[in-house]
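Which chain is which? They are A, B, C and D, in the order written, and residues in each are numbered from 1.
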Amino acid sequence: MTLPSLTYDAATDRPREECGVFGVRGARDAVLLTALGLHALQHRGQESCGVATHDGARFYTERHMGLVGENFAGADTAARLPGTASIGHVRYSTQGATVLRNVQPLYADVRGGGMAVAHNGNLTNSRSLRDELVANGAIFQSTSDTEVILQLAAQSKRAKSAQRFLDSLKQIEGAFALVALVNDKLIGARDPHGIRPLIIGDLDGANVLASETCALDMIGASFVREVEPGEAVIFSEDGIESKRFAPEHRARPCAFEYIYFARPDSVIGGISVYETRKAMGRRLYKDAPAEVDVIVPVPDSGVPAALGYAEAAGVPFDLGIIRGHFAGRTFIQPTQAKRDLGVRRKHSANAAALRGKRVLLVDDSIVRGTTSRKIVQMVRDAGAKEVHFRSACPPITHPDFYGIDMPMRQELISSSMNTEEIARTLGADSLGFLSLDGLYEAILGEARDEERPQLSDHYFTGTYPTRLRDHDSALSDKDRQLSFLVEA
Amino acid sequence: MTLPSLTYDAATDRPREECGVFGVRGARDAVLLTALGLHALQHRGQESCGVATHDGARFYTERHMGLVGENFAGADTAARLPGTASIGHVRYSTQGATVLRNVQPLYADVRGGGMAVAHNGNLTNSRSLRDELVANGAIFQSTSDTEVILQLAAQSKRAKSAQRFLDSLKQIEGAFALVALVNDKLIGARDPHGIRPLIIGDLDGANVLASETCALDMIGASFVREVEPGEAVIFSEDGIESKRFAPEHRARPCAFEYIYFARPDSVIGGISVYETRKAMGRRLYKDAPAEVDVIVPVPDSGVPAALGYAEAAGVPFDLGIIRGHFAGRTFIQPTQAKRDLGVRRKHSANAAALRGKRVLLVDDSIVRGTTSRKIVQMVRDAGAKEVHFRSACPPITHPDFYGIDMPMRQELISSSMNTEEIARTLGADSLGFLSLDGLYEAILGEARDEERPQLSDHYFTGTYPTRLRDHDSALSDKDRQLSFLVEA
Amino acid sequence: MTLPSLTYDAATDRPREECGVFGVRGARDAVLLTALGLHALQHRGQESCGVATHDGARFYTERHMGLVGENFAGADTAARLPGTASIGHVRYSTQGATVLRNVQPLYADVRGGGMAVAHNGNLTNSRSLRDELVANGAIFQSTSDTEVILQLAAQSKRAKSAQRFLDSLKQIEGAFALVALVNDKLIGARDPHGIRPLIIGDLDGANVLASETCALDMIGASFVREVEPGEAVIFSEDGIESKRFAPEHRARPCAFEYIYFARPDSVIGGISVYETRKAMGRRLYKDAPAEVDVIVPVPDSGVPAALGYAEAAGVPFDLGIIRGHFAGRTFIQPTQAKRDLGVRRKHSANAAALRGKRVLLVDDSIVRGTTSRKIVQMVRDAGAKEVHFRSACPPITHPDFYGIDMPMRQELISSSMNTEEIARTLGADSLGFLSLDGLYEAILGEARDEERPQLSDHYFTGTYPTRLRDHDSALSDKDRQLSFLVEA
Amino acid sequence: MTLPSLTYDAATDRPREECGVFGVRGARDAVLLTALGLHALQHRGQESCGVATHDGARFYTERHMGLVGENFAGADTAARLPGTASIGHVRYSTQGATVLRNVQPLYADVRGGGMAVAHNGNLTNSRSLRDELVANGAIFQSTSDTEVILQLAAQSKRAKSAQRFLDSLKQIEGAFALVALVNDKLIGARDPHGIRPLIIGDLDGANVLASETCALDMIGASFVREVEPGEAVIFSEDGIESKRFAPEHRARPCAFEYIYFARPDSVIGGISVYETRKAMGRRLYKDAPAEVDVIVPVPDSGVPAALGYAEAAGVPFDLGIIRGHFAGRTFIQPTQAKRDLGVRRKHSANAAALRGKRVLLVDDSIVRGTTSRKIVQMVRDAGAKEVHFRSACPPITHPDFYGIDMPMRQELISSSMNTEEIARTLGADSLGFLSLDGLYEAILGEARDEERPQLSDHYFTGTYPTRLRDHDSALSDKDRQLSFLVEA
């Protein structure tokens, strides 16, 4: 679906990645590698997980709510899901009811065989396409935009299944990193702008696809290259084939992969995520210095930037906030409990590191500011003399339409307030953001190309890498339902 | 699917009804009436149950394994499934893994709204139609032949949803009693031969559809009439409309509804099932008399015929076999246990009524003869001096292709043995069957019309009421798979 | 607990048996025989079931809610519960919350080993004993009176475990049929009046204990004898030992075992339950004749008496009421449904057998009369010209304290109304009961010995076979709690 | 049980805390505060959790496998577990089958009311006491040594429940921090040596007990004082009473609370755990310096010591190892996956911070060395030039008998190897440990008192604070079973 959903993680005020994908072909018990690969990508989605396998003749699929380790770590996993080719998917977490029919990979029997698809990203013309498909007699099983890809392939008149799948890719717009099993072929494809990441790996001759390099490290596979923007790579018994379904573009990866989503030990576009984050911290000190006694990260995502800031500032780094490892669901607030428990359930102040000090907190970003405000208060309550706040990315002023779960524009605190107003709202003694130039320099070591920006940076600029067809036409029709079915 | 499945109830050697259907429109909390109606039809299927409702704008559906009372009797049922129109379905029981995606009603979003269908019967050209639909780009969610109906409707070019649904009915062959919700319309339809039953009822102005009259009795509705063969009745806010989708035929109902499937207190075609069964018993005495001391029914289905037989014979009726009410699944056979436990788990001999007597057992039918043999032995073990066996229907020599779960021809004991041989196999002192004439007379009070038989009696005659398109073309291709997906 | 609980089956207005017990020693995979034996006794309790086994060194136990076939029929049953000795228990069904800690067999580690006990009946001095035990330092795990037996044994100073168990039996009062595993010994014991049944069987040298003979039939074991009132039989590697723990008494079995509880194919005290019930029906005709067209049983328990009545009256027997086999839980009553659905959910009128006739209904008993009233109405609604009602036992005027779940005295319709008033309440054209003399003659073939009644017949006479110690002392203290713990 | 169990966390090679306890009295919906307090103590045990409440008249209790947030965060928690007094317990995690009957708090009905107890620690004379109790007629429900406390209290002849509870405390030996509800009283008690922590807090007049101060912070309660060694504090409507059940001793807290178990933001004995750990790191540098490029903690427990070490060494601190947040259960190892996955499932190397560097790893301790070896290898595989390893506590040479789940002596790597041998085993370029003096100085700022050590430091010294009665007598009888029952 094209519009930001309601599943944004309000509890931590962090955007959420929609998904991670993984695929492998040519390996015994492919599902076991897939399970490990997905486990390494679990940070990209904790709501649900699924895999599909192909044993040369038939498909097997399982889709579940919950974590990979809860569903695909059991001793019978390989027996349940046999085959030497497999794809898998992890998906973000929601508070509310979840609809299992939307959990991926989606599978369809089509003319000439079966097709399973797992998708990271979001299509910006899926509604329009869906309308045409339904008018043409298609019956949708889900409200997922991924099914549009399958239905387009089913209706293609091309002779071969893989061709029909490529036909489908030519019609979709937006952000997508796809892994698919089309009969015994494993296919990976990335949208024309390369917004979402997708890489190719090798494990003793078995072909691997994954959202991030950390999934390769997990299984001991080596990195081969990134899938190119607008490229589909097809792994089959005939070897590897590369097909372009869109003209060549320079990749324009999502800046938030570097800022927050990707695992720090991953490498994207040849650039270490961890090093990038430390560089953002170092540059943040330049953009927004402060005279303080201690640099404290908001754990865990603020840690690398805080280390970089501390290094640049020559001020001690310390763990003034302890992250709880058992966050779980929200507890009922007892009437006796003073102050807000929401933040304490996940973080606690380490008074020993804070008392009497001028503290500078470093977080990766500020979205709505609600959690930041509580953290500032908690640190002050623990005895900090001053509390300064720094965001290791520029002010977020625009929503995303490419698969990131972020609040609507009016809820983004930076869309309506300036730095000073936000500082006041957070209760911070000072506030600072990384500059847009700083962001580019920390990631790419070069300035923003104003004509053809090298990153998808619409969060900070409002410049979107693609047209937003559904969104533009649907502005007055936001909640037009995709299905007449209300499922329990 | 068109071919007899493996789910025939080998444990009791009884054929199984595939399904029961129910629908209601114009009543508050329609789902509650549906739940009760399905409960009254539970004898027609115990494997799974499902309902769909429509609240004027949206559809709600739930499908579950297990009994109606386990799934739709809870206090929150009406809240979970709101609306004034509802359909429901019960389905037969299998031992093996069941595929929830085949449980009915099936629902589809189609152009112009939603469509939910529940189906009792079996299509004899569903494979052929499915092949064409898939070639045309349709993606099937299930292997159920019911989905063919939905896909045909989705691909129809007619303007209105109800018209598209009727378009679909014109293309399908075989046996079907359907209830459907097409947006806010409730539709009932019966195949051109009226093989499976479907009746119309009225509950204070609300329209009701059901497989049997016992479902009307359960909710206090009155009987209006049967849906005609080849007729679709459409209940909407504009009233009731009757549409023919096939030329007029005399109904040719399935003889087994009278013999075994229908609940004894139901009335089919104006004829009491219970009285018919007693009449079969009376006629059975004429067809196959015996000099015995006591008439003992094989419970529960043999009871009415045994009462009729006893009455005609002037011999006492007694409960020489007790039926256990907690049959459940098969227990592991202990090494110490002598004799077969399979039958004892469900039936036990009441020695007090059998010892030293010449016993005549009456059962509704003999399919493979396996259970009958065990029962004869059990009765003999309990001290009976003689054990005679009578079947209240003619010898079953041919399989069914209209939704009855019966073994393949080679397993039907009467297809390869004559009465004497079967008697020997069962270990019975004598064996007798109701004659085909006797069957017609007991049910209809008239002889069989050899030109145009008044019943679907292919079980006994091999004369099928329709062509068997899939079957004829698929004889050499029996297990061609419908899906490449192997589901857990 | 000694006081009638709230779990009486108000929906059918029938009393409920508390439990059935089974034990076996000296057989491979003893648990499999126990599972089958309990399955045959399932009519004595459907709420919960449990087994304990002993493998020569250790005990294994499992206790579950639900039916035996749902819990102990799986292929891994013997592996989960190994051993050559086993006992088991089935327990009545309740609507409300159930406390698993009360499910039997109860197990305790005691000095010198382990002890598992399953109990059918009810102790009438358990509260008094419990108070003493707690004062002495005992910690009770349950509120079950069965635990009193274990705690008494644990506190006994006798040297051997079996002796300590017998010590315990000397102190308890009331009705009890016990099976126990005391280390590797299997023990069966029956209260001094033999109120609840317990029999000994043999299966190729393995020793068997069971509540009823139908459990022996199930596993193919032969009947040896009944356990005597006040006798404990001990099966061990040293053979069979019989110990008296109370002076010899003539057995005084519960009349309701014959009337309703026991399975019709069981034999109690050498008397066929089925034949007894038919004899009650024949005698009922003498005690309460009527001029009618058809005799209709209230299924299933009224069937044998109705057959007897019909035979004596020379009037046809017919199935005017059909029993539903899928009763399950209570459905929500739709606002549209006319009339009471409670009874229709379980029974339906078979109009074909009733219309225009003078109908005589035979039921085994009338407790509160609520269901009888609905059945009379349902039969009249179905077109019966007259509806007469007969109870195959005398008027029930007094409650039970020996393990039968029956309502309090004030709810027993016969405790406050005479036959004519009850007939009016039921809406019956006439009403009749079996006489007390008739009951004795049908069961025993002899008159009641007024000095020393041969049956526990307090239901009809108020003459209890034992003192009611807890009840007498607790009348002013009915709901004194046994535990301070409220369990979910 | 007194002997180290098999539940030691072999996957991470870290000892495990047995439990955490919490109690509160005088607060509305006490269970909600208990749930939050236990959530803050979740690091002390993740296997199971339980609470008991008292509403002035009755007790309520629930015990579950899993996390607090999974079981006691729901909206109905307060309704399920009402009352103004509550205690709770969290317990360590095991891989194998768990026995719910051992989950705490344990509850017992005793003379004069109810008693619920939650226990952190381990009794060293529980077997001896259990034997005596069983000989005296006690029936144990569990194999937990906590039940010994209840049984002793039940058998005490003292008049009042609280007195009986104190009677019990006088007889037990070992380590224990107990919270109990004895009718409406809340009691906290700590063993004579104060081995396990227990503190008193206040929340607007409500009395609180908890294992650590972080639980007070969570609910906003203030710290009052520690419970003294050998002291029982009784909170009732009469106020607070302090009772000694053992002569005064100086507390001798477990050193491992400071080293590893306690949450870093807790304060024990007036000392910040976090500061202590940093001090250990600083001192570790003195005890075992190295010339390296980067200090890398083994996350998460090695972080504070690594910060201290880096600070003292003047070498950069960096996150060279990333901790996965979704460890979950062990995955099946695919045949293709190279190298050991066990460690990669939980940790991954951050090559960007390691490549080409001389790396010094700091961990809190080395137990068996198995995980340390894998981590060294992983860091080397990621490109480190040198890998040095430092343990922030002295060599562990002796097992624990006070509730810490640690391997037997022969598995402790430091019990059989010297530093050089261990370094070789780990594959480290150098290895160093904190000295025992360094430990005392970092924690207490003073040297070890050799006569009367200020800490329970037997791990490093073999000097146990109490006699080990069961252990001494049971050495030849290690696995004597506590129960004859084998539970599923």
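Assume contacts are C-beta pairs under 8 Å (C-beta built on N, C-alpha and C of every residue); 3 or more make two chains touch, one makes a residue touch a chain.
Given the structure is predicted, the values throughout are model-derived calculations rather than measurements.
K.L.:
Hey, what chains does subunit B share as contacts with subunit C?
P.N.:
Where subunit B and subunit C might share a partner, there is none at all.
K.L.:
Specify the chain most distant from subunit C by Cα centroid.
P.N.:
A
K.L.:
I'd like to verify one number: the distance from the centre of subunit B to the centre of subunit D, where each centre is the average of its C-alpha atoms, in whole angstrom.
P.N.:
Their C-alpha centroids are separated by 63 Å.
K.L.:
Can you give the whole-Å distance between the Cα centres of subunit A and subunit D?
P.N.:
That pair's centroid distance is 37 Å.
K.L.:
If you average the CA atoms of subunit C and of subunit D, how many Å lie between those two points?
P.N.:
51
K.L.:
Can you pull out the residues of subunit B that are in contact with at least two other chains?
P.N.:
none
K.L.:
Edges wherever two chains touch, nodes for the chains themselves; is that graph a line, a ring, a star, complete, or other here?
P.N.:
Graph shape here is a ring: one loop, exactly two partners per chain.
K.L.:
With touch defined as at the top, which chains are paired up in contact here?
P.N.:
Listed in label order, the chain pairs in contact are A-B, A-D, B-C, C-D.
K.L.:
For a test of understanding, state which residues of subunit D touch subunit A in their complex under the given definition.
P.N.:
Residues of subunit D touching subunit A: 27-29, 32-33, 35-36, 39-40, 42-43, 46, 67-70, 72-75, 77-78, 203-204, 206, 214, 217-220, 263-265, 267, 272, 274-275, 300, 303-304, 307, 311, 316-319, 322, 324-339, 341, 344-345, 348-353.
K.L.:
Across the complex, what residues on subunit B touch subunit A?
P.N.:
On the subunit B side, the touching residues are 57-62, 80, 107-111, 113-114, 134-141, 150-151, 154-156, 481-488.
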